[in-house]
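Chain lettering (A, B and C) follows the sequence in which the chains are written, and residue indices restart at 1 in each chain.
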């Protein structure tokens, strides 16, 4: 039987009765928009392999999210765009030439294991895209460290057909090997004309995206500033490589502006964000200098993700008027 | 190889000896009856006795600061067992179960609005008095079900219902209900008035199809005022559980349809 | 007298759509006496007044129908002549049940009815402090900004505490509401007189008149009214920011002092904050002998035909106010007593206004949003919006699993329930409601502990007596 309601029935809710009309999907859309410049730059430099990787990752992530929610008997959360964003971020963290089935496995891992197992958006302790990247780095070490050289303008058409791709070493590998003279010049580092992951190469495109996020107030300056400043200062003090090389290569820009600023896995307080950014930068440089891998950005962020609850606990705000 | 075996055996020996010594010299002296009493209590830690849990109640029993028989969950059998251990009289208790005194389901009672907020009775009641037209009725947001240690309460069709077989009478739901409409009643009583609204009949009818109007027919049909099976609070009939009615025919004769025979619904356990 | 800009900016705050243009330019209009009034005994903060009348009694305008019941309480006077139809428990705007006296104002009074009680007009400059306080108390005045704290209690600081600053709250930061704004424009001389009376009662404190920068006409009106006043009086222009009208934040914005955590009160930092409407009511009570029987209420919202600022007796049913404003243009989806940030959604238009009903809003479906149970994504917007610098995200996550202890450790008792956290939450979580739930359970627990301690003390005392 239909429930009876009074003739004039109103919505009854607790105050406030006004809302800024922001929404989770709008925030995710903002981040996706902010990632467009670097996505386009990645496609420009790495050609069609990059396009396929991005499409496969996004499609797999969204499908996995839908299937997971269905299997758990919960309402679908595909509409909040978080799965699409995770797919895009994962693709941007992969080398362009990766076999597509590996990208698919990584995407399933990101959504099913790193996110939905913990209860979905808001519950995951680790950044899903980075967790998947770490998983793939361990599982598929070879393909994950095989880098396509950015296609030069004359053979761009050729690369678009997928033939004759040249593999090479990343600038950080040269730094690790002590061959500083092999590192591309500053201009190449800025525009992204260097080997690396699809989304990590173009510093200018990443800075553009970060500026958009700051303007939309999606992120605050704390984490990127602390992260990049720590990396730069460490580089100046240690003298391993010029500061601009350390900052502009190996995903520091992508990590600082887009990966470390993931809401769910970073501290909520301003002070905590500074601590978090500092920790990420320091760990990143320690791994680069003393670890087995030439770059350490994603592992640094994952480790800081793990201590994020602790950082939150240490940096609780002091109420207005409290002693 | 031999060195390894000797080392492991040696460590094991030292650890065993130190544990044995610790057990002997660091033991906390405790009345052994506390453990025995705890063992015969139900172990549900429901808190219905007024203590923090079964262990706390056992301590109080042994110290003599708590009356035997306060454990509603264990009932008479438990009280007798405790009496045997402690050598005291068991106070006779009758098993009591919770009763939700409302039968205004969603289809019977009027909703004043669409509540949108936290699913919690007290919180809903603080928002414009709740969405239920009847200010005395069950809101159906399950505050009682959330505190029930035995999962004996289920909410369906906007109404909480108690499973008599599972209820241990701890009284937590009675405290949790912001409308104060849950009562502990003798488990043996079978006829109940399922309404909590003391206002005049016409007012009740405006908001609920099954509200008590205070017509006194139940009283008349059960032998009149002298029989004493019912008391009245305003325009609300209440069963006198010291002397409950037994004739089930009065249920069908209630014009408001707010009486029920053994309404302790099963929850599907 | 000078006008200055606020030098102190508190952290946090939000910018809701103010929508004040709907009713801003409508001069205050007096509502014709409604046929029926529902006068609540709980129009103020503290103990509800004790009802003195019963069904069938005749009451006169100004007659005390509810007497002060406790230290933090005020009396209730009948807003009109009439016959008491009934006294019944009714749900008020805030959701709590309280006695309401239903008065039929069309009933003809018997010939032998006593004359309406008269409060003699007073000359405030010659009256003593105690006489003035007594008048404020017997006029039934409580704070008209929203909380309804008894004014006579507020104006009588406990011994050892001195009021150095009297802050006049004309911020009116709640969206839609323009009642205080209209009072400042149209009743500026009354406010001036009220301030002078309050200064006398409080021992000549400095005066700060706080008005948000989006009300230049009100600032001009106050400047004109206070132009020739002597002493340390300043009009402080506040930046437009919600919740600028919060007592603690207003004290910080005007004099730079920070009120410590509860149970500290503004008087602990030498401040008294009073709403401009209350000040005008004090002037009326003292100079004219007119008790607080009516107030200006903003009737607004996108579902009202002609939004107005209405001067209506307390106890006016919401339905009468809506009718006076031309009725609804479409079926309202939500009716709010107060403003959209801190007001109460109500379920019926039969509720009567009170001394604290600053607004009545009728919103269409388009203006109503729904809370959802989405998980917190830790975005930190609530933290940045919270003017009390709390961590609302943590409190809401704790209260989702009824973890009151964690909420208490996160200082939920400092929460002023301004709603800034929920306002900006992209996951549409009911954060403010979670805070309210936490505060209520903590208060209930403290009350239970106090009662238990008192009972233990009593039984202890009894045992000792027996032993003697």
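We adopt the following convention: a residue touches a chain if its C-beta (ideal position, glycine included) is under 8 Å from a C-beta of that chain, and two chains touch if they have at least 3 such contacts.
Just so we're clear, the structure is a prediction, and the values are computed from it rather than from any experiment.
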Contact graph of the chains (line, ring, star, complete, other): complete
Per-chain CA centroid nearest to the all-protein CA mean: C
Computed distance of Cα centres, chain C from chain A, in Å: 49
Cα-centroid distance, chain B relative to chain C, in whole angstrom: 40
Gap in Å, rounded to a whole number, between the CA centres of chain B and chain A: 52
Multi-partner residues of chain C (at least 2 other chains): 344-348, 370-371, 430, 433, 436
For chain B, residues contacting two or more additional chains: 112-113, 116-118, 123, 126-128, 130-131
Residue numbers of chain A (touch at least two other chains): 6, 9-14
Chain B to chain C touching residues, read off their complex: 112-113, 116-118, 120, 122-123, 125-131, 135, 146
Complex contacts: residues of chain A adjacent to chain C: 6, 8-24, 26-27, 119-123, 220, 263-264, 266, 268-269, 312, 316-323
Complex contact set, residues of chain C against chain B: 89, 91, 93-97, 344-348, 370-371, 402, 430, 433-434, 436-437, 440
Residues of chain C touching chain A in the complex: 10-11, 14, 16-17, 175, 248-249, 252, 258-261, 264, 331-336, 338, 340-349, 361, 363, 368-371, 374-381, 383, 387-391, 393-394, 410-411, 414, 417, 419-420, 422-428, 430, 432-433, 436
Touching residues on chain A, where the partner in the complex is chain B: 1-6, 9-14
